[in-house]
Amino acid sequence: MEDIVRFGVSIDSRLLKQFDKYITEKGYENRSEAIRDLIRNNLVEKEWNVGTGETVGTITIIYNHHKRELTETLTSIQHKYHASMVSTLHVHLDSHNCLEVLVVKGKAREIKIIADRLIGTKGVMHGKLTATTLGKELS
Amino acid sequence: MEDIVRFGVSIDSRLLKQFDKYITEKGYENRSEAIRDLIRNNLVEKEWNVGTGETVGTITIIYNHHKRELTETLTSIQHKYHASMVSTLHVHLDSHNCLEVLVVKGKAREIKIIADRLIGTKGVMHGKLTATTLGKELS
Amino acid sequence: MEDIVRFGVSIDSRLLKQFDKYITEKGYENRSEAIRDLIRNNLVEKEWNVGTGETVGTITIIYNHHKRELTETLTSIQHKYHASMVSTLHVHLDSHNCLEVLVVKGKAREIKIIADRLIGTKGVMHGKLTATTLGKELS
Amino acid sequence: MEDIVRFGVSIDSRLLKQFDKYITEKGYENRSEAIRDLIRNNLVEKEWNVGTGETVGTITIIYNHHKRELTETLTSIQHKYHASMVSTLHVHLDSHNCLEVLVVKGKAREIKIIADRLIGTKGVMHGKLTATTLGKELS
């Protein structure tokens, strides 16, 4: 059940003109949509700084699947934290390298620990945690 | 075919002690692995700043699939850029909200445009582009 | 000469409630002020990504002034780029360590090069470039 | 009193070649200096995430000094937190706009609050907090 309200923003016309240019470049339909995105980005950032609420993140890792025991190690870490693991996508980048994206649910602090474990595994070439949101209060 | 070489780092003992604490916290097996990760993070960052080489990124978006026409719009954007789309993972967060991760291959600049289009779509609550690497020269 | 205009933002009441909480925490006087800040942050970020316009940044470096020749090296770098140097603030953190903030004006790309030179100097313990703006079109 | 030790890093020759290119571009004298900077950047980041130790930051703000009462407001905020204020640099960017850099010492959390107050003040166009370090254990 949505409950849409409206509020006014007063702004210098020159600043608004530049914002409209930014909106067009980013492909936003209208100012409200762009403003809501700016607001939500800040709220998600705050949510992750606090770190105690239930949230969701994606962990992207790049690794060479030929490295001895690497696949086993990564799998065992995922099993250790299975309660937080939602789903995994595996992509073969070339004959050696894989990209894996893991969707992880839990407290921000716990997700960070899981990301550290995976990214710190010997043989993982690059890894990043992307902080996002369950979206419950951001619709 | 790997060709492992070795180089020495001179460092103050106090700084090294703190680094060793950081390594333990992050779960790295040894200093070399941690140093290689620091190096690779910087190289990937540089790669994305330059923006002209072939690379890979993941785009994470959160949206409510009940929003009218949203799924269609997101699908049509993905089809427009199908040549860059590698794979997509869809997760049902709850009865309303979805998380979608798209793996996108191409020049950094093009991947950024695709991310802007998807994240800027009306109804997408939160979105982020994660810059990573094909890993070809980072093994 | 300011020319203030006004536009409306439609938003879900729950999202607005959370934004109002954020505004209070950050100490903003009203929503318009907070929204304008979000807009300006994005425009400054874009300005620095493009990198070709005249802008301003601050470079913060931490170093031990007892290190041999360090002060001379830092001074000579600043003189080499004197045309871009606006002003410098020097703070004695303790009997060994100094903090120096340099205000640098020029194209974003040039400011980045100067920051790299200073931060890369042997003996500089920590350094950061802060991207800001001349403010001409953001008032 | 420095106590320099040495440790070895094993690395693929291709990755090292790329790192050497990065080092040259950034103007580092040698690999050790570049590695130490990567290490210190991570430690400073950790220090600010924890947020409880004594540290130092710089707050950069851009504002139009013609705005009514703005200078007074900014000054009164600085006085309220005078115990943390180390020094301030003021630069006249043009006939309207000023850049001010404040060096602030204290716990990371307190410095963040001061930054929020200053940046959230009506009339401040752009503001950023730069997290750095007292350097005591990073030499």
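Observations, loosely collected:
First chain written, first letter: the chains are A, B, C and D, and each begins at residue 1.
The definition used in the following text is that contacts are C-beta pairs under 8 Å (C-beta built on N, C-alpha and C of every residue); 3 or more make two chains touch, one makes a residue touch a chain.
Labels paired with UniProt names: A, B, C, D = Putative nickel-responsive regulator.
On a predicted model such as this, the values are computed, not experimentally measured, just so you know.
Considering every other chain in turn, none proves to be in contact with both subunit A and subunit B.
The distance from the centre of subunit A to the centre of subunit C, with each centre set as the mean of the Cα atoms, comes to 26 Å. Centre-to-centre, using mean CA coordinates, subunit C is 9 Å away from subunit D. Of all residues in subunit D, those touching 2 or more other chains are 40, 138-139, listed in ascending order. Pairs of chains in mutual contact: A-B, A-C, B-D, C-D.
Here subunit A touches subunit B in the complex through residues 25-30, 33-34, 37, 40-41, 44, 56, 58, 60, 62-64, 86-89, 91, 93-94, 96-97, 99, 101, 103, 116-117, 119-122, 124-128, 130-136, 138-139, going by the rule given at the top.
Interface residues of subunit D facing subunit B in the complex, by the touch rule stated above, are 2-16, 18-19, 22, 31-32, 35-36, 38-40, 42-43, 46, 137-139.
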